[in-house]
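Sending over a structure as structure tokens; questions will come in a sec.
So that you can tell them apart, the chains are marked A, B, C and D in the order they are listed, and the count of residues begins at 1 in each.
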């Protein structure tokens, strides 16, 4: 993890989003150390430590995993954020549109999806949808709303009111801190085929960064918790 | 509290919002009973019970207040909802725009405010703003976004994608359950002059309903916790 | 649920413990109503409502279940309480041994267990243990500690200090309120063969009362969540 | 903070307890950075940063403080632990007495207190209490319970049952992780004259370590939040 500050880990998501690694506390080893409540005791070797980690995960001894933390800086559309914030066990700070003028950055999809015929909440890619046309319609409509936003601001309207017209496709930015137990639960729910596709992409980027920091735990996640494992 | 089902308590908020009382658990008496951990013991009389309630509130013995619950059904604009959801200690269920087409209901203010010169996050009413003109601009812009929403749906786009263009001024609807301790903390933060004016109106309506159900506690709130008490 | 106050539901647990039903909010129907965010809409019939309830539970749409609450009054030994309190999503009020003199009520088991040879945390019944002898030893030791407690109090020592000598086998009493989502998660963890046997008995009693109040949900629990279902 | 691993920060508390610093995430600067949601932006200088920190604290903008974390390893008596665990917003892992035999380490006070005449929950030092005598009585009683514990273990009783006789004056050991917002709230409640004196000593030790890691925040705590500030 050397050199992080000069060369930050950042994964691009969607057209203008990103997930950046900001900081971490603890490690796979810390989980084992916390489970043993034994500060400073020498590790019992990688094999024994990994075995204990697996035992903890499989038997839902979740509290030692909460000794590990990770902070992300994320730029995501508001419609993703509105789902993201429902995961109550994170710590969250969001840019305030009462205080800051939001920049002109909107999400336009590459590929369009129609309503899913089986999962009434979901969607599926459909080549019969005229993607370029739909993207044009959306981009135009975004542009109009942003013009109105600017117009209201120019007329002296407070930021907290001018924003009424901003669509949920606009990007917002957050700092988000998780403990590893609740982060795994988040992955189970949002890196899942039933979650909105756009949200899945953020979950996948967070997962990739988490894997760099807690490789043993994420290996266990793949084997025992990942909803996709049942399909393969 | 008789007859609630046939004659529901509902307070109108803003132009199209409301706060409805759905249910409650417990009472001012229950708090006292929980503090005494003494089921079935006869009340020690209103005076003694009220005195204990005051002692608990003033000395931050908050856990007995968590034995009381209240459920609201609220219709509020998304920009209020985005603040509301940050209060993590409530239970919340929101209508899903992945599953349901949102109706054409938007918030247009009666009165417009300019940026506050002292509180950089806030705003203040300014008669020099041309209210009717600004409301017209906003309403037109809302209409355009809703047309685009309908157009995307007509073209077969999934609801979860068509909504990208919907502005945060559109109304959403929730069920929200609170324990009385955390509800009082919410009132302190949102029925406060620093909160966005629109959000304050929802907090005030929730307060009014809470007062009907837990009158002794709300009397103590007025005297000891209400941020406005210091001004008068 | 008529007549609760005059004829309280109470289940005896262990030698001196109990779980009493105090109150509830909501019903199986409320969950469906909250999921539809549709106040006052007529039920779509028991069959349709039950089907939706099953869909919600199986697809982890947990938030509507949090609209339902249940409050218990429980008397349990401190060693059970120390595990119980770790379930953070409940609301909890406990009798204070700083303020109240704890009564002379201790847990003496009917049956003794030796350390489990497979599960290093668990135990198993062993007929070779001399139960009556062990129970006598334990009861004598409890009596000595309570004598010391009384002696310290007689000497004028504050309650919060005299209690230092009280063993974790003494009974304490609480009020405990749960939402139905987190209560089901609790049942999964504590009405499970890996949980301490004494704790399981309290979970079972809570389950029985919950079943009276939320029968449809508990039927779904039996089929889809109960850890014991895999064994049969 | 260099050299922590070779020279750990540890503060002795009571007769056999301690608070050890294990790890931290973030700094006073991180709070400011999170509030600005501006990764990599140069600090605006210590003075501007400190001013913003003060603004956040005084105006209850608590979420940026939750980006900072601190982990302690603590050995405390069970009667303190039973209060400590009620602070739900920490992450906690405790040594399991189902799995581990607890060592023979008990709390014997230096000074004895009688029941407070004003605060019915509290106590006050009283020189008329015969301290050496009381400490002798307590130590003897502890010794008897530990003998019984050993005797039950020798007879083959499972650890989770043998512990029934262990008094709440015995020491336990935990790992405990806090975000800085909730840690400050904890200090307000437990580094307060109304909290049990023994618990206050742990809060003070945690405060001292927190001060080394987050000096600006703790300076603000002293000025604006510390319950003792009103007295001086």
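A few notes on this one:
Operating definition for what follows: contacts are C-beta pairs under 8 Å (C-beta built on N, C-alpha and C of every residue); 3 or more make two chains touch, one makes a residue touch a chain.
Source: prediction; values computed, not measured.
Two copies of one chain, chain B and chain C, touch each other, and the residues they use overlap strongly: the shared fraction of interface numbers exceeds half. The greater number of contacting C-beta pairs, out of the two interfaces A-B and B-D, is seen for A-B. Annotation: 35 Å between the Cα-based centres of chain B and chain D. Averaging Cα coordinates per chain places chain B and chain C 33 Å apart. Work out the mean CA point of chain A and of chain B, and you get 28 Å between them. In chain C, the residues that touch at least two other chains are 63, 86, 92. For chain A in complex with chain D, the touching residues are 8, 20, 22-26, 30, 34-35, 37, 39-40, 63-64, 66-67, 69, 71, 73, 91-95, 173-175, 177, 179. Of all residues in chain B, those touching chain D in their complex are 59-60, 63, 86, 189, 194. Across the complex, chain B is touched by residues 77-79, 81-82, 85-86, 88, 92, 96, 98-99, 107, 109, 112-116, 120-124, 126, 128-130, 134, 137-138, 141-142, 144-145, 148, 151-152, 155-161, 163-169, 196 of chain A.
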